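Accompanying notes for the structure given below.
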Amino acid sequence: MSEGTIAWLLVSSALVLFMTPGLALFYGGMVRSKNVLNMLMKNFFTISIVTVVWTVIGYTLAFGTDFGGLIGGLDFVALRGVEGDGLLFMVFQMMFAIITPALISGAVAERMKFSAWVLFTTLWALIVYPMVAHWGFAAEGWLFAWGVRDFAGGLVVHINAGIAALALVFALGPRRGFRAEVMRPHSLPLTLLGTGILWFGWFGFNAGSALAADGIAISAFVTTQIAASVAALGWVVAEWMKNGKPTTLGAASGAVAGLVAITPGAGFVSPMSAIAIGAIAGFLCFLAVSLKFRFGYDDSLDVVGVHLVGGIVGSVLLGVFAESRINTAVPDGLLFGGSDFFFKQVVAVLAVMAFTFIASYLLARIVKAITGLRVEENQETEGLDISLHEERGYVFSE
Amino acid sequence: MKLIVAYVKPFKLDEIKDALREVGVTGMSVGEIRGFGRQSGQTEVYRGAEYKVEFVPKTRIEVAVGDDDVERVVAAIETAARTGDIGDGKIIVLPIEEILRIRTGERGAEAI
Amino acid sequence: MKLIVAYVKPFKLDEIKDALREVGVTGMSVGEIRGFGRQSGQTEVYRGAEYKVEFVPKTRIEVAVGDDDVERVVAAIETAARTGDIGDGKIIVLPIEEILRIRTGERGAEAI
Amino acid sequence: MKLIVAYVKPFKLDEIKDALREVGVTGMSVGEIRGFGRQSGQTEVYRGAEYKVEFVPKTRIEVAVGDDDVERVVAAIETAARTGDIGDGKIIVLPIEEILRIRTGERGAEAI
Amino acid sequence: MSEGTIAWLLVSSALVLFMTPGLALFYGGMVRSKNVLNMLMKNFFTISIVTVVWTVIGYTLAFGTDFGGLIGGLDFVALRGVEGDGLLFMVFQMMFAIITPALISGAVAERMKFSAWVLFTTLWALIVYPMVAHWGFAAEGWLFAWGVRDFAGGLVVHINAGIAALALVFALGPRRGFRAEVMRPHSLPLTLLGTGILWFGWFGFNAGSALAADGIAISAFVTTQIAASVAALGWVVAEWMKNGKPTTLGAASGAVAGLVAITPGAGFVSPMSAIAIGAIAGFLCFLAVSLKFRFGYDDSLDVVGVHLVGGIVGSVLLGVFAESRINTAVPDGLLFGGSDFFFKQVVAVLAVMAFTFIASYLLARIVKAITGLRVEENQETEGLDISLHEERGYVFSE
Amino acid sequence: MSEGTIAWLLVSSALVLFMTPGLALFYGGMVRSKNVLNMLMKNFFTISIVTVVWTVIGYTLAFGTDFGGLIGGLDFVALRGVEGDGLLFMVFQMMFAIITPALISGAVAERMKFSAWVLFTTLWALIVYPMVAHWGFAAEGWLFAWGVRDFAGGLVVHINAGIAALALVFALGPRRGFRAEVMRPHSLPLTLLGTGILWFGWFGFNAGSALAADGIAISAFVTTQIAASVAALGWVVAEWMKNGKPTTLGAASGAVAGLVAITPGAGFVSPMSAIAIGAIAGFLCFLAVSLKFRFGYDDSLDVVGVHLVGGIVGSVLLGVFAESRINTAVPDGLLFGGSDFFFKQVVAVLAVMAFTFIASYLLARIVKAITGLRVEENQETEGLDISLHEERGYVFSE
C-alpha cells in the first residue's frame, strides 16, 4: 500500500472506532436519566469485548482460508502472521466488528442485565458476526462469491444488527410500562452530539471501505454526505406533514437512517442515486419506527426501525441503482439494465435475516439459561445505573 | 381548607395522579426532593471509593383541598403510593388560612 | 406570621420579585416544580410517538411575612403574576407558629 | 406535631443531618431552592456582560416532629447551620394537623 | 492528485463537516435551556438543506464557467461531469457552504421561526453564498482575479456570515427582554465541547485549504494553532483586566475569534505574524461584543462581534502580514513592502459587506412576507423547543 | 516526507490537540458541578499557554542543538529556520507539550487558584517539559543516547505529568472535606464522552509517533487499541470481584490506564504483548487509585494512580516485551533475551521521577510565594466557577 492509502486507512479506522462512543451518546441521550450510564457502559464495554474476541479468533473466522463459503479457517488465530497491510485491514475490520453488536444495545435498553449483555455480545461476536462478515466481505464467502455486493456493511453490519436486535427483544420482553408510561429521552443534546460523531465517523466507515485513497473513496464520501442529508430532510418533512412539527430527534434519526441506507452502496452508486436512496430511507424508516407500537415489541431505541429497515432499503436499492460505470466491482442494477443483481441482493437480505434471527434467538436463550436476561422488577424501576453499577449519571446538587 | 403534603416514591407519581383525579382533585404541585428516613440510602462506588449516600430520591406532592375532601384525598394517595416496602413515605396535613386563584382573584373554596 | 406559598408561571418570577421588593419584602425562597391543573399540559413527540405530558413547569415561591403584611404581599404577587390566561396559579396562606433567623437567633417578627 | 422548615446554606446539609440524627430525628426531606434575602447574590459575567443574579442557591429542609421535640430540633438546626455570616437562613415552624405513614397507615406521633 | 493528497482532503472534508455539529453545541450551550433544541436543529438542518442546494446548483454557481467575474455558469448542474478530483473539491467546498449559513443562526437565536430559517437558509445558500464564493475562491471571480486573497474563507465565510447576521437581526428585532432580563448560557460545558470540536475541525478548514498535503498545509496548520491560542490569551487578559475575572466563555470566544481571524491568511503568513493577528483579534473581538449593547441590536450569540469583526481583522491584517516568501500565491503585505495588496483587501472587505448586507436584508424581507420571521410572543416565552418542536431538551426527573 | 506521511502527521497533530479538550471533559465530569468550568478552563487555557511557550522557546530547548545530553540550544528560538518537515515535527511535538501539563490539572482539581495554575504551567512548560522531552525524544538526549526508548511518551508525558502531580499535591494539600465528605462526579456522561475523545485522539498520539504512515504506525495503532480494551476489561473485572459491581467510571479509567501503559511501547511490542501490558496496567492502576486514601494525599482525579503508575508499568514492561523483530529501533526486552534494556528502562523511570518531582516541587514553592496556591476557604466552599470565574456551569431553571 502507498503511504497515502495507509494514512487514509489509519484515519478511517480511528473514525470508525470513534463511532461507538458516538453511538453510546446517541443512545444514552434517548434513555431515561436513571439508565444513561448502563447504556453508555454497554457500548464502551462492547469495544473491549470485541477487540479481544476479534484479535484472538474472530478475524480468522471471518477472513481466514475459506471453508465452503461459510466461514474462515484458523490460520490467523491470535493474529499469527498478520502483519503490515494485513494488520491494517484487520484493525479496520475490527472496528466494524465492534460497532455491529453495539448497535443492538439500543433495542434492549433499560432492562437487560449487564452480565447477560456481556455474555451475549461475546458469543455473538464469536459466532454470528464473523460468519456473516465472511459471507459478505471475504472473496470466497458464499454471498460475495455468488455476486452479492455490500460496500461497507448494509448486510454485514446493519441488517445483521437489526435482526439480531429483534430476536433479542423477543427473548427479553418489553420494558415495564411500555406503551402505558411516558418514556422520554432525558437529554436530546447528548443524542445530537452522538449524531454528529456518528456522521463524522461514517466517512471512515464508508469512504474507508474503498480500502484506498482513490476515486472510489471520494465517490463513497460524497454519496454518504448526500444520503444522510436527504434522509434527514425526508424524515422531517414526513413528520412535519403527519404531526405538524419538525423535531430534532427526527432530523437526527433521519440522518442516521440515510447513513445506514447508503452504506451498502456508497461506492457503487452515483450522487443522484444517493439522493433517491436517502429520500426513500428517510421516509420508510420514519414509518417503520411506529411498527413497534402496532406489533407490540419493545425495540426501545428503534434499532429495527432504523438499522434493519434502513439496511434492507439500502441493500435492495443497491440492486436498483448500482452502476458499473461508477465502480467496475459491481454489476449494473435494475435501473441500468441488470435484473440478476437485484435478485441476488434480495436473496442475500433474506438469507442474512433468516440466519441471524435464528442464531441470535438461540444465543439469547442460552444466555437466559446461564445468567438470565432481565434485571429484577425493582432494579428496573430504580434504574439500572444504581442497581447494576452503583453509580449515578448526574449529581447537580453538590 | 388544608394543604396535603406527601413524600412518595418517584415512580408512583403517575398512579397517584390518576387516583387523585378519580377522587375529583383538579390540581396539584410536584417537586423533586431527597429523602432521609428508615429506608437506607444507596451505596455508590466511584473508582473503588465507596460513598454511602443516605438520601434517596423522592417526589413531594402538594394538594390544596377543601375541608370535606381531606380524608378522601389522603386515602387516595395512601392507596396509590403504597408498595408495602420501607420508604413508601409520609402524608402530612397542614391548615390553610386562605387560598386565591391568581387568574380570577377568587378566594376560598372556589379557588381550589 | 404567615407563610405565603405561590405557584406561578416561571417567566413571571422576575416581575414578582420586583413587586415584592416594592412592598417591602426582604426575603423569599423559590423552587422549581411541575404543576397539574386546569391548564392542560403539552404534547411532546419523540420519533412519532406522542406523549401527553400533563405536568407544566411552574415556579413555587415561599414568603414568610408578618400578619399585617399578608394582604399587601398577596396582592403584590397576584398583580405581578397575572396574565389572565389559564395556569396563572394559586396563592396559599399558611399559619406560622414560630420563625427564627439562624445567624442571630432572633425570633418572631424580627427574624423575617 | 409541627413541620419545621429551614432554608440553609447547601454545604451545611451534612452537618445538619448529623446534628438532627443526634437529637433523634429519623426522617427529613430536602430540596434545592434559590433564596433571595439580605445576602446579596452573585455577579456573573458572560462575554463581558454583567448579570446581577440576586438569587443564591439554598437548601430547603423539612422535618416533621412531635410537639415535644420542636425546640430541640430547632436548636440542633440552628447550631449546625450557623456560620455567623449573612445568608445563614431561617427556620420556620408550621402546625401539622395530621400525619400518616403510607406503608403502615399509622397516624399521628407514631407516623413520624 | 496523489493518494496522500486525496487522503488529506477526505479527512479535511470530514473535519469541516464535523465543525457544524460542533458549532451547534457551541451555540446550543449559550442559549437558555428552553431553546437548546431549536438551536441544535437549526444547525443540523442547515447541513441537510445546503447539501442538497450545493449538489444540485450551488456548486456550479460558484465554480462553473465564469460569467463576468460575478457568478459561475450551469455546466456542473446536478454534478454533471464532476468526477474524481473535481468531486473531491466539490465536497470539500460543500462543507464551507454548509457552515457559513449555520454561523448566522447564532445571531437570531431564541426567536426566529424554524420555517423562516429553513426558507432563508435555502435562498441564501442558493444566491448569496455561491456568488461570494465565486468572487473570492474561483480563479476568474472578480476579487480573486483582481488580486484579492482569501486563504480559507475570511471574506467568503466569516465576513459573509457576520454581515448577513447583522442584516437578519435588523429585520428580526431583539428578543423579548433583551437588555432587561438575565439571559445566561444554560450549559457552558456544552459550549466548551463545541469549542473543542471547532478547533479540531478548523485544522481541516485551514490546512485543508492548501488543497494538498504539502508545506503550505503544514504552515497553515501551525498558524491556525498559534492564532487560536494567542487570541484566547488576548481575550482573557483583556477581560481579566477589565472585569477582574478570567472566564471560560472568554477563553472559548477568544479561541474562536483567533481561528476566524487567521482563516484568510493561514497559508500566507508566518508563525510570528500569526501571534500578532491572534493577539489583535482576541483584543478587538472582546471589545466588539459589547457593541450590541451600545447600539441596541440583539445579535444574541455575537456572530457580528466574533465572525464579522474577526473576519475583517483577519482579512485586513493579511494585507499587512502576507509574505510571498511563505507562499508564492500571495503578494507581500504592508509590512513587507507591498501597499497595493493591502488596499485591495480593504476594498474586498467593503465590497462583500455591502453586497451581502443588502442581499441578506432583501432576502429577510422576502422571507418575512412569506412565512413571517418571528415566533409568537407566547412561543418565545415558553421556549422554542416546546412551541416549535414539541420536544424538551432535558428531562432529569423521570 | 511523502504526501502520505504529511497527511498522516497533520491528522495526528489534530488528533493529539483534540485530546486536551477531551481530557478537559474527562476531568470536568468527575468534579462537583460547582467546579466544572474551572476544570475545563484550566485545560483549555493550558493549550494557549503552552502553544506560546513552545513556539517561542520550548521547542528549541527540547530539540535544538544538544548541550551535554541535558537540554537543547537556542537555534530554533521563535521557530527561526523551522520550516517544512521541521515545522510539522514541531507542531506534532507541540501537542504533546500541551497535554502533559494539562494532565496534571486533575490532581489539583477543586482547590488550586487559577492564577497559580497559569504561572505553574508556564514555568513547567518552560523548564521541566522541554528538558525531559530532550532526554527521551531527542537523538542526543542522555536517555535516548544511552539506549532508553519511549515510543510516544511514557516517560516524557505520563510519568513526567504523574510525578509532577504528586509534587504539586504535596505543596497544595487536600481539598476541604477530603475523606470525610461525599465528592461524587457530577456528570459521568461528560467523563465518558471525554474518554471517547481521548481514545480517538490517542491513535494520533501513538501511531503518529511512528512519524510516518508505515508499518510501525499500523503496529502502534493496533497495540493501542488492544491495550486500551484489555485494560478496561482488567479494571472492571478487578472491581467486579472486589466490590461486586462493574462501573462505568471503572471501564473509562481502565481504558485510559491501558492507553497510558501502551504509550511507551506502542510501536515496539507485538499485539499479544499489548494484551499482557493492558491486563497488568488495568489491574495495577485499579489498585493504585486507592493508595491516596491509604497515604492521605488528595490526588483528586487520580493522576498519580492512572498516569504515573500506568506510565511506570508501561515503561518497565517495555523493557520486558520489546522486540527488535517488530521495530529495529529497539533492542529485545527481557522476555526475548535482552536484560540490559530492561535495566535502562528502570533507571530512566527513576531518573525522570526524581528530577521532575524535585523540579516541580520547587516550582510549586516559587508559585506559592508569588501568587499563593490555594483559593480561600469560602471560595472553595462556594465553588471555583463562581468565585474565580463568575460563571455558572449549568442553569436549567431559566
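Going by the order they are written in, the chains are A, B, C, D, E and F; count residues from 1 in each one.
Note that in this section contacts are C-beta pairs under 8 Å (C-beta built on N, C-alpha and C of every residue); 3 or more make two chains touch, one makes a residue touch a chain.
A quick note: this is a predicted structure, and the numbers were derived from the prediction, not measured.
Counting only chains that touch, the fewest steps needed to get from chain D to chain E is 1.
When the C-beta pairs in contact are tallied for C-E and for B-F, the bigger tally goes to B-F. Its interface matching that of D-E in over half of the contact pairs by residue number, B-F stands out among C-E, B-F or A-B. Here the CA centre of chain A is 50 Å from the CA centre of chain C.
Averaged Cα coordinates give chain D a centre that lies 44 Å from the centre of chain F.
Each chain gets one centre point, the mean of its Cα atoms, and the points for chain B and chain C are 18 Å apart.
Taking the mean of the C-alpha atoms as each chain's centre, chain E and chain F sit 34 Å apart.
For chain A, residues touching at least two other chains, in rising order: 2-5, 7-8, 11, 182, 184-185, 187, 193, 197, 243, 245, 247, 249, 390-392, 394, 396-397.
Looking at chain B, residues 31-32, 34, 44-46, 94-95 sit in touch with two or more other chains.
Of all residues in chain F, those touching chain D in their complex are 181-182, 381, 386, 390-392, 397. Interface of chain B with chain C (complex): residues 3, 17, 26-31, 64, 94-103, 105, 111-112. Those residues of chain C that touch chain B in the complex are listed here as 2, 5-8, 31-38, 54-55, 58, 60, 70, 74, 77-78, 81-95.
Considering their complex, residues 182, 184-185, 239, 242-243, 245, 247, 249-250, 253, 286, 289-290, 293, 302, 305 of chain E touch chain D. Residue ranges of chain C in contact with chain A, taken from their complex: 44-51, 53.
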